[in-house]
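The chains carry the letters A, B, C, D and E, assigned in the order they are written, with residues numbered from 1 in each.
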């Protein structure tokens, strides 16, 4: 990378502080309450309350000031598998204001993906939202028609997933797939869409965007594909990007780059992020706020720093311990502390 | 395997039809109310007590001829399928193990066979090389063998390259052990599917050839031959072709059904089916959530 | 054995290792020298490993890290005789296996000195064999009667913390974490001297990961040498005595875990270290990484 | 044009689906089998036959024998020419005869053994014979001497693919084995009596679909199987039988066991139930016959009628007398193509204890004409000259005599006598019938039935002249 | 960026993306062609060799066909020499193959006609029918397959599946007869037999080939529908569909632009495999419909023991199949480039 990105990373800290101060009310609202709530760690009840409180504070009914209104607010979301007749997710709630990042971490099968999919309106067959609500930019998704969903996705909320190769059509050049989104969602002409597509590829730090533009997915590496997917996801300028295990299958070095990219986007465009990972460290790197899920319940919810330093729930402690006992932190932590 | 196939309704229907057809082939001549070759003065008669399906243009009993004809059709299609099986499976499996030269040659031969329009080729070969259903079906069997080659090769390939085979090799297994313990179970179902399909294809081919009058010597009744001769007397017995046509179609249908059923109860789908049953039967006492991939 | 009866260790934050300071006089379980491996024929021929030299002492735990396609699995497969080396030698438990015939390999493998745990536990277990059958296979191959084999796998199951009722299930019917533990158990059936694990935890979530790592830690105490392959430095850092960094088919760096992580020499290692996600992020890493990447490209 | 498809005939177009589409269009190669009818569209001959089977003028206006009866002169019509412009004179006819006698692949030279040489004098063709033979004008009719342009015939291979004759039509397009398009030949000597403009001659599909073809107007004329007759009638088509000389027989080889024992031959004769063939194969359009001629024809010998009536008991007796137990005789019936006739023979012989296996052999002709077979079937469409029919069946070298060189006693003399008898002589019929009688003593042939020449045509086509064995388009009109 | 695998073509990018893309596309076509040729040339050689060996195996001789009633051993020998059949087998093959490359398939034993010409004439008929059958098969199969896939697990799906199963077990000759009886004889909609070249008018041409094409198409309809349904259902389960959904593309666009494109591949491949069957089935349908096409010619020649004609038919059918598959491969390479990257 070049001087440009260095400059960017310098800007980052300035911007961050600036943004934080700007968005103070909304942000503080959510995290402060979460932190101060004593019943925080005992699962659903706690998060219910926090969600309700948060909703009351920011309120979709227009009580809160405009720019700080959450772009995504999930309240006591419950998801049920109608076929097996069991509730899979038992009340998840969080709020996301522009430029913020929420992380969801949890064990396999804890309902992270279903939560994200519910917010995207793409739950698998038989699986339904059975309680609570999801508001995207103030709209309750329960009222959305399929057509409205189509309009909403891509331009307001978008997503990237694990295994990037499979999320691109193998038979179509990647450039065309990005341009398609641009054309359909923003109504630009062919040539214009191409230019914008190239810009997007550049924006996700792909070297030689022209070449990548005309390549097929199978000609690209996993890291490049994830960037392409991100480019496609942000092509229509969404306000929320959901990244479900977006870096899990990637090499650590590539993962670091993608995480950097997400952070950049967040800073530069005010994109709000939902980052799902089973690795607490990944979340720690990008997110302001963490939800820890286990068996469909939120067992811990709070500002990242607080959850890391003072894990309340046993499961969260396990997550932290994993890094501190078996991971790199074991070697680095002392160094950091001495610094 | 058969038990699992029979547990599906489609499997039961298929097996029932095919059993009936097989019984006809074995017992047809015994069951036949008349000598299928015996002519009588009552030609082209409609169905009656003595001749339930009427008589043909030479006054022969149609039912008896249909029954007797099943043998040629069944044996013919079995011959096609078994020839194809032997000719296809052996090199199919060996192509994975015998090295690149063998693989290349067999692949080219298979490509060639696939490129031959087999009905055309069968007609040509049989007409030129002599008129016998046995030769006819042998040739056809060779022509349709690529299916078996491909199926067995693909199955062997996936198994041979699979990690559990490597795991067995690392534990010191010989090729024989690997084949007995790991390869066999997985190669068998796709071959069974192919076999069922090929028997169906064989039926169509036997019927087409005998319809064209190729491959059998005259008085010998065959379903295709009966159909063809019935067409000549359509103005007298417009319903006559229905019986042989239905027989041919039902048999082919049953073969396809069976192939689908085998596919449904074997491999990944089959294991899921069994697991599902096991859960439902509650043999394991407690019900547990379906195991997830466990991967993140 | 170099560390007889040593208590479970490395639970503390600081790894304390004395062995490397006084290298074992015993023969190494694994010694690789100047290993080259090629894939493909003629025009497609490509060198995947180049001049790899590595040795693993008895009871030692070595981590091999590197990016995708750097040749980690290939290295393991070369040790197991699943791919042929085009140069160099491989010595396993004192036996030079370079150029072994199939039959010789089979004999060696049946002894079960070296075992391998595959990257993907679902695919490395025969979907049609029950857990018991999969576990018993190595024993059956050595001619152990079935009854005895089944008796011998029970305690193993406990060792990997799996309930005994799992034995007559199919791999598709158990969870991913359980599957991985079955795969580990299978590797232990023959009481090997060396176990090579290919990305044993990268497909698992934290709880399962901790569990498997815990099992491995316990394994170390029994004196088994372990080679741990991973693309993520973080997941081997806490458990490996030594770490070898593989980059584009070459071992660019080998050293104690502490040295490699604290004082990485090769730019790639430095990049790895700075990229590994940790709970406490250091913003400065970002610029550093960019510089390292630039250094690596040239 | 024949492009119009739907019902109704297209203009004055004859759309003829034939089951015996000519493989060869060189008449010398095509031979005298069943395909001369189609070739006659293109080629004319010296004579033709009338409804009674007598020779009448065609290219030859008239002819006369010398007094010795060993030379016949044909006087050609004047001003004739072939469709390629070559004049049709005596030289051309001479050329045609010589070609039939000498061309390597000629199928006719066996029919022309009486002719020793030919002289051409302007329009007079003088044919010199090696023996007295009053059959020559009959013989040189459509079956044996369709005259091709000598210019075109210079390259027989080419002629075979693009026929040039002086018949009622000329070929505009020929797809070998499949289809021929013809148009009316304005230079044909009798062109004024030809009312058909174009002909599409197609090789017929499966018998079962011919009728629907006729019904839907794809064809308007076709030979059909007797089994299709009722369907054709129901479809509103004209179904008619054209007279002919057809006769089916069972060929036996008396030089081979078991037919070297005449009791076995007789047993076969008594075992044959002719009516069954007629009923089951011809749907009563045919006739039972025990002679190579249909009853009523001049050569049919009433005195020989029903010499061996159906009598299976007697047949079994004869076999027993010959020392054969039931089922002991096992024969292969070798035939060129699947044929229900063979199945009837098989079942009838089975009833007297002879086991017959049918063998369809594509190479049938080779062993048959090499007289290697023991047992076969043959059907003839007859010959215009009765003598020719007789010698083909009973003569020592007759192609249909499976028992060559066997010949019944007295046959040669009887035939010679016919040849010497003028056709208009009062005793011609009795002499001819005597020859038939002599021939029928042959142990080599058992005649069974006469297959009908069954046709179906659209009602728009007027009735055809009833020339036995021929199809003559003279005077036929196609309405709309 | 170290982690991006630098593609080998990277140095060429200076020439500009359009040029690179054009070269890319051309290269792809050439590569597909080369790969196909590598498969098909040996196929062609082997197939023609097998075909040629048929004569020796059959023991048939032109003499028997030609000489008929007058075959004597000398005459047979003479005729065989004239046909060059007394030469060594490989010499004969070489000669025949040489002719083949020039489009010369020799002359018929039965009527001495040029076989290439004969086949050419028949081919017009057969290809008309086969093309129409393909068109019908593809269209009907497409409609049925997509409808079933889009209405998955509803009664529509089940009805279509049932119908497809039914027509897939109906042999061509049964279909043929039923069609003739129903449409030609019963309803008088189409002629029951015969063929009219396109030159004589499009309508009569279509009328004549519709029924045979329909009879021939059943198998294609069934296979295309089944394959398309399966692959569309599978394609809908693919992640890239989810990807397109979250990017906010409409269902129609996803179906047309993404699902269909990938679902089409396997159906196309089936079509490639189906073609030989189509050519083969012409033997039966042309018989039933009184068409003087390729299949009828094959049957007639085979029945009359006309070996060169049979060889010619087989060679031409092989060429047809090979060419058709080549086309299919080219289209496939275009539609699903990913499938081309493997072996």
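Throughout what follows, a residue touches a chain if its C-beta (ideal position, glycine included) is under 8 Å from a C-beta of that chain, and two chains touch if they have at least 3 such contacts.
None of these values were measured; they are calculated from a predicted model.
Looking at chain B and chain D, the chains in contact with each of them are E. In terms of the stated touch criterion, the partners common to chain D and chain E are B, listed by label. Among the other chains, the CA centroid farthest from that of chain C is the one of D. C-beta contact counts were set side by side for B-C and B-E; B-E has more. Chain E has the Cα centre that lies closest to the mean of all protein Cα atoms in view.
In terms of their C-alpha centroids, the spacing between chain B and chain E amounts to 24 Å.
Each chain gets one centre point, the mean of its Cα atoms, and the points for chain C and chain D are 92 Å apart.
Our note on geometry: chain A versus chain C, Cα centroid distance of 34 Å, whole angstroms.
Separating the centre of chain A from that of chain B, both taken as means of CA atoms, is a distance of 54 Å. For chain E, residues that reach two or more other chains under the stated contact definition are 1-3, 60, 177, 181, 287, 303, 305. Counting partner chains per residue, chain B shows two or more touched chains at residues 127, 231, 234, 292-296. Counting partner chains per residue, chain D has residues 206, 208, 362 touching two or more of them. On chain A, the positions that touch chain E within their shared complex are 1, 120, 122, 146-147, 150-155, 157-159, 161, 163, 166-172, 180-181, 184-185, 205-208, 210-211, 213-221, 223-224, 229, 232-233, 235-236, 251, 253-254, 257.
Remark: chain E residues 60, 64, 66-71, 108, 110-113, 118, 121-122, 177, 180-181, 184-185, 188, 190-194, 196, 200-201, 204, 207-208, 286-292, 296-297, 300, 303-305 touch chain D in the complex. Of all the residues in chain B, the ones that touch chain D in their complex are 37-39, 41, 43, 57-59, 127, 131, 213, 217-219, 231-236. Partner chain E is touched in their complex by these residues of chain D: 1-7, 17, 23-24, 31, 105, 107, 110, 157, 160-161, 175-179, 202-206, 208-210, 212-213, 215-219, 235, 337, 362-363, 365-366, 369-370, 399.
Per the touch definition, chain A reaches chain C in the complex via residues 1-2, 5-6, 9, 12-13, 106-108, 222, 251-257, 259-260, 278-282, 284-285, 308, 315, 318-336.
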